[in-house]
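Got some structures for you, see below.
The same chain A turns up in both complexes below, where it pairs with chain B and then with chain C.
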Partner chain A sequence: MTDQALGQAQPQRINLLKVLGPAHVWALGVGIVLVGEFMGWNFSVGKGGAFGSLIACWVIGLLYTCVAMIDSEVTSTVAAAGGQYAQAKHTIGPLMAFNVGLYLVMAYTMLEAADALVTGDLIAIAAAQFGHPGLDPRPFVVLTIALLALLNYRGVFMTLSVNFVITAAAFTSIVILFIGVQPWNPGAVLQHQGLLTDLPYGWIGVLAAFQFGIWYYLGIEGTCQAAEEVRSAGRALPLGTMSGIITLLIAASLTWYITTGLIPWEYLGQDLAPLYTASTLTGSTVLHVFLFVGTIFSAVASANGCINDASRAWFSMGRDRYMPVWFGAVHPRYRTPFRAILFLIPIAVSFAFTGLLDQVITFSILSGLLGYTFMPINMHKFRKKWPLGSIRRGYVHPWHPLPAIVLLSLCTATYFAVFLGYGVQLLAMIGFYIVVSLWFAFHRYKYVRRGDQFTMPWPRPLGY
Partner chain B sequence: MDIWDIASYAAWIASGLILLWMVADAIKVNRDFDESLLMSSQEGIDELLEDPAAAGRPGREG
Partner chain C sequence: MAQKYDPPKQSGLGQFIDSFFLMALVYAALLLPILLGLTGGATETVLPDGVTQIEAEDGTVTWQGLTWESLGQNPTMQAQWEKLGYDVEAAAEIITTRFDYSIAPLSLLITAIAIIGYFIFLVTMSEKEYREVIAEKFDARR
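Moving on to the complex of A and B:
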């Protein structure tokens, strides 16, 4: 189909293409997250020791399982780009929707910048190992962002098909390393008996480890952004999201098991790329190469998924006039939100060029955490306004309201953990969102068409 | 100048070309297509949600 042909045909309406299946949704969710198994999670070991990190891994895993269950139910019904933003618009109201949309854009754009930084740094490390120390990573950071933006610009099907391949390859590299360290033969390679210790900083250390336990799973909620582009939201989103969180729980447990059996916790807690380090400690060149490739693939897959998600959230906010309506355009040939993709490129490059990886990723995590806090409130309102049986749902999550209560409780504990480590950043970020909320309420909201906000063909909510 | 220096320059050039292509394509699309068509997408369309009563609902304007 050519531009000219489309121009002559003068179609009435162009929408995002509905071409994705459950595997693409899995690739989007797991692709964004898997880099967190290759790096970042291990700072939880520095806070709480190896067992403290394992507790954080499973407790935060429970938090994200609740996120996946709640998201699966609501998103299988709200088939709209923007994910949680579109949910908030329908269940709570414009101010919450604006904030949630902004959390999403900030979380994903900053994560994209961090991923590109990691890719550039890994290429610089490879250059150093081949006799060229001090290579400037910036051209490779920009190239990573530019190439992935191009992929996203030209179509969602190819974007997420590529993500499926490289995410599966990265996950396979973890499984290969697990097999390579001979878990059936304790003491041969893995030295858990000698390396595992009691909790070095007690239970407060375990609590402090929660903030880094988020790295194991941060971004799985991004599957919701595909809601407008899946062939069947009711089937693909729950299937992709739930299989995604299962994959991540397995990957996180394998990662913890491999690395804590090879690296003393004092070193593991500071390592930049623990799975890669673990592969070098095995002495196997094959594992070394596999894990280097796996680490790069995981970072690229994450950046790719983040571009997809940030652009959908921004596009969706533009379409609803929460942001300038100009961003709500769809490319007539590729059927992608091309203006949103283009607009976010210089922002991601700017964040990446600061070089402040820890600050960028902290802001991303905090934005994500604010988004998770919204979800239990969203779930409560959703079930209250549209009880079971009142609208068709692709998936109904069990034991409501228990997952929402557990999620809210774990979010509260994680806020405390974040405050222990990044109190200033937490307060600064909350201040930022208060300021932009005031801007929205007193300036931007007058441009929003209130009658257009409710787009789902649902019955009137209960009590209205 | 070794292979890594050449790769750095190549990365800058490739990035520039990719970004230029996207900007040029976006400008071409803006010029060739009516803005109301580009802004005409509508959320909330899914077979799970299809409802005969809602089928005749007017779409939103850009």
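Moving on to the complex of A and C:
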């Protein structure tokens, strides 16, 4: 195999292929996130009740709208693999970039582990329902991750084309369930009148629900990881990202409406796969089968997108020597970051096998939240260092700095939400990021080429 | 004019150790709350008036005074619980488990200081490194 490690002295640098369009960007973003409608979001019902979860869904939807607006402007301008990591390198500095890269790797690798666990568990549940109880889900976990890794290894175009098909199928299963529960005929199937209650914890429960409200949308910012592989960054990224967030807002609203009309909130707040459970409660075998397939597809699509995104972030850090340069290699034939893909696979499997699903999910959410907190700082510095008109932007988001201010405020509220019930985990994660930051600043940074970090053909930033 | 920085070459063993160290830290962060016995959401059991729960030495739980009405469940809710395969005692285990949202001010203060301090450190240190990057990119000579 004649691979080439980037960063070493080479006569010609192999780049990732530019083959993706807006539909692939949509498939990457929605594919990662849609599983959040099938599992995980409902823990927000447990923390704040059904209405608390709905308010969290909308408020956190606003948070992600700000994320998508900011990301669309910066990524369409900084078109490089690594997404927010590449942005941080150009606007804030290496230590921030290292942290942002790690947020991405941790958020996606742990989400991938959770997706694979859900796939295995759901297959075991279905096997039990068909008369084969006690099926060990672990081989399915390994098989899922291994097959998706192979797909990612062989090329990004096929990977995201597959994601487009299975994500669209999973979204369609939600729409079919929505039609199947006859929303035009309240009381026939849906029982909102009898099931909806007042806020069980009052308004503090609504705030606490923000933590898992993030699960409705976690990962949509992953569209930025495709920046180096899209044919037109200025068109594909804003179009794919904004249409993705609209799709998710629709899916989240439908999901809330269906499940709260069928499942008591106390059960819903701790269920493994609420849409699947809702389908079983309709008594329809057709809906049951559709939602089984939809849930599996959503988990597989998410794991697939996570492998794609985590490997791009890890690859980018290797290429820049933030991590060992060995990871910064592109496959000479498939043009994929194959070493980064392969390295992260056993790690994802081992996270899945720790059995610490709630820890893994919380680490993923917190890594995502830290990444969102970086964005307002990033946006402020980006506009300050390169004001409008000083460089060519693919897209300019409106109402700056309002989205950045709203985003920072909502991030602060969400930290408080995580503190309510998961304060120890929050401190442990922050402790982890503080230790690795010290490790980078005082050890790892010595291997980094300084001027090579700035790769965009931009003028010198204002004030430097 | 700034001098171009030439980083040392890292050995294969050094690259392996750095990767291993980072992953070991991730596992430590995951496992630390477990070792401290402080995982998951902070929950408590809240029993409705007139309902008591007795736990035997072998861990089996028996309920007294337990009805769907005492758990605040109306006939619609009861019907859905039963469709899910839960009787009143099994449902009570879930319904009576509630989050505890009492706030310890000192703990909140420590958490806030940790998060704010972390970001201040990141921005400050990054700014120092960024100035080196810009100086080398735009001014450097070999």
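The rule is simple: the second predicted complex is superposed on the first by the 453 of 464 C-alpha atoms of A that agree within 3 Å, B and C clash if a C-alpha of one lies under 4 Å from a C-alpha of the other, contacts with A are read in each partner's own complex, and residues count from 1 in each chain.
Heads up, the rule we're going with is that contacts are C-beta pairs under 8 Å (C-beta built on N, C-alpha and C of every residue); 3 or more make two chains touch, one makes a residue touch a chain.
This one's a predicted model, so the numbers in the text were calculated from it and none came from an experiment.
A.B. asks: Look at A:93 in the shared chain and tell me whether it touches chain B only, chain C only, both, or neither; answer first, second, both or neither.
C.D. replies: The second partner, chain C, only.
A.B. asks: Answer with first, second, both or neither: which of chain B and chain C does A:15 touch in the superposed model?
C.D. replies: So A:15 only meets chain B here.
A.B. asks: Spot which of chain B and chain C makes contact with more residues of chain A, would you?
C.D. replies: Between chain B and chain C, C touches the greater number of residues in chain A.
A.B. asks: Is A:415 contacted by the first partner chain B, the second partner chain C, both or neither?
C.D. replies: The second partner, chain C, only.
A.B. asks: For A:325, decide between first (touching chain B), second (touching chain C), both and neither.
C.D. replies: both
A.B. asks: Tell me the contact category for A:146 with respect to chain B and chain C: first, second, both or neither.
C.D. replies: first
A.B. asks: Could you say whether A:342 touches chain B, chain C, both of them, or neither, answering first, second, both or neither?
C.D. replies: A:342: touches chain B, not chain C.
A.B. asks: When the two structures are overlaid on chain A, which partner does A:184 contact: first (chain B), second (chain C), both, or neither?
C.D. replies: Neither: A:184 stays clear of chain B and chain C.
A.B. asks: Could you list which residues of chain A make contact with chain B in one structure and with chain C in the other?
C.D. replies: 325, 449
A.B. asks: Flag every residue of chain B that touches chain A in the complex, lowest number first.
C.D. replies: Contacts found on chain B: 2, 4-5, 8-9, 11-12, 14-15, 18-19, 21-23, 25-26, 28-29, 32-33, 35, 37-51, 53-54, 57, 59-60, 62.
A.B. asks: Given the complex with chain B, which residues does chain A contribute to the contact?
C.D. replies: So the residues of chain A touching chain B come out as 3, 6-7, 10-16, 76-82, 86, 127, 130, 132, 135-136, 139-140, 142-143, 145-147, 149-150, 153, 228, 232-234, 316, 319, 325, 328-333, 338-339, 341-342, 345, 392, 394, 449, 452, 455-457.
A.B. asks: Can you list the chain C residues touching chain A in their complex?
C.D. replies: 4-5, 7-8, 10, 12, 14-16, 18-19, 21-23, 25-26, 28-34, 36, 38-43, 73-77, 80-81, 83-84, 86, 91, 94-95, 98-101, 103, 107-108, 110-111, 114-115, 118-119, 121-123, 125-138, 140
A.B. asks: Can you name the residues of chain A that touch chain C in the complex?
C.D. replies: 46-47, 88, 92-97, 99, 106, 191, 193-195, 200-201, 204-205, 208, 262-264, 266-267, 270, 277, 281, 321, 323-326, 343, 347, 351, 354, 356, 358-360, 363, 373, 377, 415, 419-437, 439, 441, 444-451, 453-454, 460-461, 464
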